[in-house]
């Protein structure tokens, strides 16, 4: 039972991170390899807001998440906007460079020591009993947040005007512009939302298990989840996360703990061999990149 | 009668043979010889620290030229270069530890293993392109590094494998000066192999594949075979660089082959300038020396002591910024800058923009 | 009174060398339907691209001349702002979002400033009752004619004052084309929209148009009232019947002269 709970928590983590990859890829065909770093940045922002609004953990949380949204929008406006229309790979490499830059900046600003945002907020990460196993409060929060985010994103993309425009821009940017959609607004929105979901993931992970640069690796390991499900499908990301998480937890448990960092990538390679466009992805995507 | 023909200044090829020559003009010969002379004298005037820098640059050159062949010429993107370097280093380390193999066995062995792994890295390229290929190489990088780590822990070398100083006969490769010449020889060999490949049929096939795969196929180029060949050659060269790296350090450990190393190699070819061997070399020099330049710059800051622990962070930040600047403002890289400067002086005092892109 | 759309001596160059349009002057008044005729490659699509601001994507530039809409110069405006200003293009192909449903396609359109989205959506369903039946259908599964309807409908939701329609009849059955052409007239009558219609099918285009221009090799070679064009011997030969032996207009000089007379 504990195993199932572990899988659920890990899947929630991966799914929450993976939807950030999917959002950006879906509207602009760019793979954001700085997602892990942006996530880490958001968690560090929480550290700062926690000390600014000490005594008001909820406000601190809200401000940190809001700031992350702004960071995402700013990244698009000041950096990625210049790369629209360039080769997709140049854009992807730009995100790689951004990631490296952020890694440096985070250490310069907050130092490299392991931090504990939960403590800074004055929260204790209780361990709760469920179905004959235990789950940490932050872990439970993760599962609930992921569920909420996915429902929210689904409703947003399906029923709101901006959501529909985002999907439209992803399908045919040229036609979208002809229908009066400002692509820059849509792309900025996608970056903002993606960073926001990443921030939620990063913050919850750091509340659960502390904060240092290993966060980046978690971000990177979630990326196979997005790809296994199909880079342009949200439902796919959810399933992909579940597959990767299950594979990882079971391998660690039954085979070897060292495998933890490599299992997602093994699954990824397997998927690329069998069905490169992912479980739910659109097939012609492959030729476009 | 030739008096009456219009004359233009500059070097123009008048036969196809000229296009295939390695060194074409007298100016090029002179500068090449001068350059070699400088490289030959350097170890005798340089300090030990400077020699170390030069050696690192040579090592980086092999790797970046290899990556340039693959990405800049054959158009196959790889984010797993560090994995191949790791493969080479571990081949040398494991053969040494397990069988006490000699330098002249391990280096060719690294080349062979590199070629094999290159084949594996290359297989996805038969189905995948661009982004997806990059991702698959990224994944393979993690697999190789995992295998290395697994070996380390299982055999109890959890901090890394120590390799003895290699000797060839009575010749002990300990001195940095000797290493300088060995590494220089390897780098020069890599360079010559690459240049020769590029002016051969293979090079032209790669260029065709890079510009358009389907058309290359229609032209009768065996696209799958050529792609795999690009992977094999590039990986083999990279693995040799990795093995040399292991020997030079005297120590092999997975920590040295992080994703960041792959990023650094990609940065070398971007910063140097895609599709140019000269670019690969310039990029290798730049990226290798950048951390030292930063260390120096940080040292100049007031109360430099307090920043000493943050050097790595400064490195990351500066490296990221430099990479972004090149990607956004100078996609042609250092070679582009170099050509512009060259044209400026060639055309001086005229300020017109040359129409053609420049030479070679 | 100056026209709603004025294109003056427009010259467009693709890349550095291909001059696709060499000095076109045309205008469209409020509430008019203006037909733009010409053989393949005459430069019709390019003209529409220039007006709607999409030249940059194909590495093309306006090298000469200007385009004014409501007396505003359109140079250097990003496409989506031109749409907001009230010029909407229905492109030749890829005219709907294939993975969105019909209603979602309509919802994706951003109305021009001041346009009443609710009313526009209702009107489009009145113009194209068929779309109301197909509301929930995925656009990629629609037939060519239904797609064209959807494209026109989503363009109308943008609340245009000037509608640019490229190749209304592309790949459609003649009956459907005539039906759609009648819808265009209705749309014009009810909404007062000006329509610039690019067509290969000169008979249909001239039957609904008020005026027309004929392009060849990037130049206007004929223009005038639709009825006059319809009866013009060259049009008769090239567009409405067999062209016989001739491959060029009979007398461009005569055209120039006649232009002076008709004004």
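To keep things simple, chains are lettered A, B and C as they appear, and every chain counts its residues starting from 1.
Rule of thumb we're sticking to: contacts are C-beta pairs under 8 Å (C-beta built on N, C-alpha and C of every residue); 3 or more make two chains touch, one makes a residue touch a chain.
This is a predicted model, so every value here is computed, not measured.
Overall, the chain located most centrally, as judged by its C-alpha mean against the mean of all protein C-alpha atoms, is A.
Chain centres here are means of the Cα atoms, and by that rule the chain farthest away from subunit C is B.
Between the chains A-B lie more C-beta contact pairs than between any other two chains.
Chain centres here are Cα means. That of subunit A falls 44 Å from that of subunit C.
If you average the Cα atoms of subunit A and of subunit B, the two centres end up 33 Å apart. If you average the Cα atoms of subunit B and of subunit C, the two centres end up 54 Å apart. On subunit B, the positions that touch subunit A within their shared complex are 77, 124, 127-132, 134-136, 138-140, 142-143, 146, 149-150, 153, 259-260, 263, 266-267, 270, 310, 312-321, 323-324, 327-328, 331.
Across the complex, subunit C is touched by residues 161, 164-165, 167-168, 171-172, 174-183 of subunit A.
The part of subunit A that touches subunit B in the complex is made up of residues 31, 79, 82-83, 86, 88-90, 92-94, 96-108, 111-112, 220, 223-224, 227, 256, 258-259, 261-262, 265-266, 268-269, 272-273, 276, 286-287, 289. Of all residues in subunit C, those touching subunit A in their complex are 52, 54, 57, 78-80, 83-84, 88-89, 91, 94-100, 104-105, 107-112, 154-155, 158.
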